[in-house]
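The following blocks contain the structures, represented as structure tokens.
Same chain, two partners: chain A is paired with chain B first, then with chain C.
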Partner chain A sequence: MTISVFRFAPKTWGSADDLEMVAPIALPSMASPTVILSATVVVFLLLFVSVGPLLWQQSPSQQWLSQISDGPSPAYSVRVISDNGAWRPSALSDMPAGLKVHAANTEYVRLHWPVLEGVTRYRIYRGDAHKPGLGLAIADTSDNYFQDRLQLSRELYRYTIADADTGLLLLAREIRPEAAISAFEAQLQGLIPVTNNTSQWVELPAHPLGTDALGRDMLARLMAGGRTSLFVGVVAPLLYISFGCIFGAIAGLMGGWVDQLAMRFVDFVVALPFLLFMILFRVAFGIGPGENGIMPLILAMLMLSWPGSARLIRGQVLALRSQPFVEASRIAGVGTSRMILRHMLPNVLPMILVAFSFAIPQAIFTEAFLSFIGMGVSPPTTSWGALCNDGIKTLLSHPRQLLLPALFISLSVLAFNILGDALRDATDRRSGVVRA
Partner chain B sequence: MVNFIARRLLSGLITIWFIATATFFAMHAVPGDPLTQEKAMSPAVRAQLEARYGLDKPLIEQYQLFMSNMLRGDFGISFTQENRSVNDIIREHFPISATLGIAAVLIALVGGISAGSAAAYCKNRWPDRVVMIAVIAAISVPGFVIAGLAQLVIVALNNAAETTLLPVAGWGSVSQIWVPALVLGLGTMAYLSRIMRASMLEVLSADFNIAAKAKGVNGWRLFFHHQLRNAVLPVVTELGPTIAAITTGGFVVELIFAIPGLGRYFVQAVQQLDYTVIMGTTVFYGAFLVLVVVLVDISYGLIDPRIRLHRGRS
Partner chain C sequence: MAKTLLSRFIVLRSLSTQLIASCLFILVISAPANAQAVDAAQAKVTLALATEPPTLNSAVATDTIAGFILSHLMEGLLVYDANGQLAAGVAERWQLDADGASFWLRESARWSDGKPVTAHDFVFAWRHALKPTTASQYAFIFYPVKNAEAVNNGKLPESELGVRAVSDYELRVEFGQPCPYFLSLAAFMTFLPMREDVLDHWGSRYAADSDKLVFNGAFVLEKWIHGAHLRLRKNSQYWQADSVKINEIDMPYITADPSAQFNLFRDGQIAIAPLDTGLLNEAVERGFDIEYFHTGSLFFLEFNFREGRITANRSFRKAVQRLIDPDLLVNKIIGLPGIKPAYSLFPVTVKGMKDPFREEYPVMRVDPDIAAAREYLAQAKEELGLDKFPPLVLLAGDSPRALQEAEYYQYLFKKGLGIELRIDQQVFKQRIEKMRRGDFDIVAAAWGPDYDDIMTFADLFASWNENNRGRYSNPLYDRWIRLAQHSSDTRTRFNAMAQIQRIVVEDVPILPTYENGSLYVQNPRLKGVRRSIFGGDPFFRYAWIEQ
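Here is the complex of A and B:
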């Protein structure tokens, strides 16, 4: 203490005992706002995946291909169109002055233009009106009308008519097709009754987070994916920590050559390259037709992740065995099972809980990683990692499809990590834990 | 010291044997074999191929054959890529993975140590808070998302500059090394800076640090000789697992940035059940990791003489 007269001594300076007292205050305490926030996030995520799908029900039949990779949209009405395929302008004598639009909706865009002298074939280009350039050459025709039915969406297009032989640009016009659905498609989705086909407008469901690359509702996908991710994230650690604890406890309690042998085995399992063996085991367990691949994933994690907790518990058991209170109770004639349940378990339980809370985010990460490289759950079952895998394919055009599931992974990992930190601090301070 | 190294190497050899055996039997537990293709094969052709690759022998005999070949350093010929030996595949593609890995480890080490030290020096002031928030963000975002975001940023940059400032993917140029390496090393950098901050805080309040200051040591000499050398020990301990995580975690980055590294061959080989490539890459990676751990153990002794003495005696 006498050294504290040095003026440059840092604020936290002190003896080891002082540090013990100072340190926990700097860390998030059990009731700090961060911890409360993370607990709220965890509760929200659990509700999101459990109650969410009940509140936000999506019929798989309402997967409309015209809504592929749509942005967030409220429920909106679309016109029902009876679609009879081919089209030609009714009165060809009625020559339009310029490029005339007979109809513009997401089912078809009908164009009609005056016959121009000296042009035998017309070429029609369609492009994004916000970008320079003609865009895609969609057709060559010798008629002076054209019907575009090529994957239309509600964007602003620029149609350009050019002379196909000379390449001379003749006419151009910007068109934004109105949302429409063919009567057949509407019947298919159950939006209008099959027998009574008189309705003009139908209501399409809202997509608060948009749709994915197959036109499925993103919010519903995230809920379904979260179920898988959180299920694997909780069940896999539960299994492998339980197994590791039993393994470690047996090694620690038996001692001697059993302990030596068990720990050598643990050393070997630790040395296996984790991700390579995750992939190998995951494939080795295989998935049959119609299975979702969650069980092989959990089994592979079980086989590779248990050694950590086995080492932890063995160390604790060894340390506890030489504690005076354990020796005292043994002298008092306490049996083995009672010794484990009443004297040892309460002392190692906090450590197991802390290990468990740190294992959850890791398991979520591992699952996401495997699903991302296509070695996780198999479609149509999805997970946040599998959604990221879908999303990265359309990253440049629709980054939302990667960012949304990534956000959920990050949120859950962060929240579980903070809770784990808080739990560790809380159990450390109670100092019921023996330091090995 | 020699005794210590010899014992570490011996246990490393046993570990490699264990890895090889575990891989061999896990691989053969997968239903089907490399000859199972979409194309139907006549039984006669199949029998001939099986005989050629030795697949008709009992499993235990195949195991013996593989082990004796492996001891001679021969991993055989790939099933799916005709006339390419596994040794060739490793020789050609591992240097790429290794370059990426070494760059990532260097970035993680330098970045982690400096960020952690800076945070410890400015404890509870804004640099500390900025570093800690960045650390939390980098730890909780999966690597493949960071890789995707990095590509988005590169595309946005290129669009803004209207030329190709940085290539989005591929392999060859310097920027094609450091961008993926930064992405690969970011998570580890965050982890290391957290450890570094904690251990630097401890050093800053240690008696020897105060004594050194009292003697008038200051500036870089104080930092490098007295503070860093002591504070870096926990980071060095983490180096082994770190290199393991970076080399095996590399294949997602390799996938996203279209880098022809070894990781991609492994994933492909597992999907096609290419026995020889699976065995070759796993044993190679395993041996590499074991070697790294042994080297880290030895270097730990070099940095801190107390440990060398202690371990040497035990």
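Here is the complex of A and C:
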């Protein structure tokens, strides 16, 4: 980023005419539509992660195994199914005339068909009834019945029975399983008491943004993930910019060998390859396996990201120190602390703010990247980057699981960048009077 | 193959692989423009490798990747033929009797440098693998051979090992205990021949690079850029070179990410790609032929029995057993056809007396029951004198599936038992190392059979087995194993195995979760690739490319 070294430009005093010609350059308005929009987005995101969980009280780690990778869905009632054992049609049941469905719910679909002469092995295909093709071969069996339990959802399936040896298609039927939940899961989720096994109906919660590959509510996860992402995004820059400012200010104010030494140290830190050391630090600080990685992450960012702001502030302080008004006040006997408060701080503060606003999106992005490659937070804690990492596995079948967190990362990074831009424009005045 | 599991299909999340994964795009671009899955003119097949083999030294290799590469580079006394049956390899004829086996080697077998393969190469290799200084984790597999255990423990000199070269082309093996499955052992990786002069020359650097070993199999290792690229080329010195149709097997991609491999397959860059849950629908929609085989491997949760571990408490393990339902895991979480829930130490592929073992000796199935699990947990709390359970560490692999599974267990433990489970995700090598050191409470491990006999699973949790990572020690278990090992009567053996199966259900040294199946898509022009449990998988020795 380019930030002018001086918050003011020395005014050149020409003739009286010139003086009148100099019109103050209009300040860029902070209130442009983009800025308002991005500020709204920032506020929305902050509300989303702070107030959101109060309004949407689902646990981000609750796994609804009966709703894995569901699309957006309202709350609905399901039947509790307690029988989850192996099944075979009772010897008494009649030989079906065609493909008979003994039961069809999302826990199991039980099929029974007549024994066909000359067929030794049956292959069962299951496909989406709205699409052409047989779909997926889910099993081969030599029996004339089959129980399908494989990730069933409430869509319309077409089951096809074929001869496994010749490929001849024998029977087909469309089936829409009824929503159900196993008694074990209902007990685990606390929907029915542990001692209760009798068949009944329970209500499954709504998922406005669907669920992920482990049946966790996406909306709740985005809120929880945003909390981590924004927390890292704000706290890490706050820490490293503060540290960088203090370091740079000391170097600038003291000057001489202290300055030299400090700046050589800055050079040294700058020379460290960022990503590599970030990962190394994270490993070195790793308190223990599987523990929450936010603190080591912030610490690693603090240790590697401060030199930029240190240089910035040091340069500014150095320049200010030799300004006539500073020298004048020194000659007037103003003490160091008063000088810092009166002259230095007001002149570097806007620059710090601008640096800070640009550091936020950078930090959010760094966290997202590290979590994406698996070096960030550890489960059950999540972040937008970690959500992307989860989502990429199902990119082809359920793109929503990747696109939603990616959208949030993009939105927040863009919004903070635009805000930072506006802040810079507003403070980057080439004219005006120094508040001396 | 043993140790672990980990099939080629796993996503590595190690630092190095990560970087590789992030650079995948660059790799794709830098691959030669004419790279294609199969090249009929040059008889060339291009594949992606999940990870680099940790070592190609057959005496110490333990993983499936090394098994896959070594099965192409080396040939043992016996091999598995195109149908997965035992067939003649370096040995032309053999004779197996109660107290030993004799092998007559073919004189036409050559090393890639032109020297003949002799019985001395086998004697040397076996002695080398058993040397205490080699520290081979597979040393135990030689134990049926006379004095093998004593040699391995340093109690007897290696010359006392019950194997000798009667002549250059005749090998005699003496058994210390009955070993009806020795022929299938003879086809195993650790029994491959090794050249004394090559090993002496390279020392500890043996097999570290493509030029630091010699080959007697159908292919030679032409190129090995660590972490990036392996290439196999047909071995012109191989005694049956005429029947090898494939000239070159190129593996310019090392990525365990199934999505990356699937994309490479879709773009026609590689000939075979594994499928994972998220890719299944896509493959169906694209009309690819989806193929499947049971890899014969068992995935399970292994508990740590070392001093002071909570997991050493039986009531605790029973609580976990009543909580985790393999059926739910397989059908809801994994969701791949062909992967079967596991209830026994022995997968359904294990042979019994006549029929599959599991048909002859059905396993008792334990149904999940939260109420019972909580009762067991309360009991464990009392026995251990704890107020509250401390967080436990679950050591897991770094594939997407392993993480998903681990997160499921984490949730189950929290919700069902109120125990915090911390996930320690490690890359393959690191996980094996942590398992060896016992640095875990529970580990999601797996075991693939090494040889075609039930014992390959059964003796895994015998107290003396190096691969018994949890240091489970049960005198009863050990006794049944000893009994089976010293008996040549099949009924006695299998009855003992039924007892082992019962102990595993009742005492829960491990909790079986699923039996792995592999779903994959394959280029339709590539034919004759053998997918099998034993002898390296996939196997290209008998493959050809259709014009």
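In this section, the second predicted complex is superposed on the first by the 328 of 436 C-alpha atoms of A that agree within 3 Å, B and C clash if a C-alpha of one lies under 4 Å from a C-alpha of the other, contacts with A are read in each partner's own complex, and residues count from 1 in each chain.
Going forward, contacts are C-beta pairs under 8 Å (C-beta built on N, C-alpha and C of every residue); 3 or more make two chains touch, one makes a residue touch a chain.
Every value quoted in this text rests on a predicted model; they were computed, and no experiment measured them.
Chemist: Per the contact definition in the header, classify A:Ser142: touching chain B only (first), chain C only (second), both, or neither.
Modeler: It touches nothing on chain B or chain C.
Chemist: First (chain B), second (chain C), both or neither: which does A:Ile279 touch?
Modeler: So A:Ile279 meets both chain B and chain C here.
Chemist: Output check: A:Phe365 vs chain B and chain C. Expected answer is one of first, second, both, neither. What do you get?
Modeler: After superposing on A, A:Phe365 lies in contact with chain B but is clear of chain C.
Chemist: For A:Gly133 in the superposed arrangement: first (chain B), second (chain C), both or neither?
Modeler: So A:Gly133 only meets chain C here.
Chemist: Quick one: classify A:Ser182 as touching chain B (first), chain C (second), both or neither.
Modeler: So A:Ser182 only meets chain C here.
Chemist: Look at A:Ser337 in the shared chain and tell me whether it touches chain B only, chain C only, both, or neither; answer first, second, both or neither.
Modeler: A:Ser337 contacts neither chain B nor chain C.
Chemist: Please indicate which partner A:Pro380 is in contact with in the superposed arrangement: first for chain B, second for chain C, both, or neither.
Modeler: second
Chemist: Who does A:Pro399 touch here: chain B (first), chain C (second), both, or neither?
Modeler: first
Chemist: Is A:Ser90 in contact with chain B, with chain C, with both, or with neither (first, second, both, neither)?
Modeler: neither
Chemist: Check chain A for residues that touch chain B in one structure and chain C in the other, and list them.
Modeler: 279, 373, 375, 392, 395-396
Chemist: What part of chain A is in contact with chain C in the complex they form?
Modeler: 61-63, 65-66, 68, 84-85, 127, 131, 133, 135-139, 149-151, 182, 184-185, 187-189, 194-195, 213-215, 279, 288-291, 373-375, 378-380, 392-398
Chemist: Write out the stretch or stretches of chain C touching chain A in their complex.
Modeler: These residues of chain C touch chain A: 13, 15, 18, 21-22, 259, 262, 276-282, 284-285, 287, 290, 292, 325, 327-328, 331-333, 335, 337, 367-371, 374, 393-395, 398, 400, 403-404, 406-408, 410-412, 414-416, 421-426.
Chemist: In the complex formed with chain B, which residues of chain A make contact?
Modeler: Residue positions touching the partner: 3, 6, 8-10, 12-14, 19, 267-268, 271-277, 279-281, 283-284, 286, 361, 365, 368-369, 372-373, 375, 385, 388, 391-392, 395-396, 399, 402-403, 406, 409-411, 413-414, 417.
Chemist: Applying the document's contact rule, which stretches of chain B touch chain A when the two form their complex?
Modeler: Counting only chain B, the residues touching chain A are 11, 14-15, 18-19, 22-23, 26-27, 29-31, 136-137, 139-145, 148, 151-152, 155, 201, 204-205, 207, 210, 213-214, 244, 248-249, 251-252, 255-256, 266-267, 270-271, 278, 281-282, 285-286, 289-290, 293.
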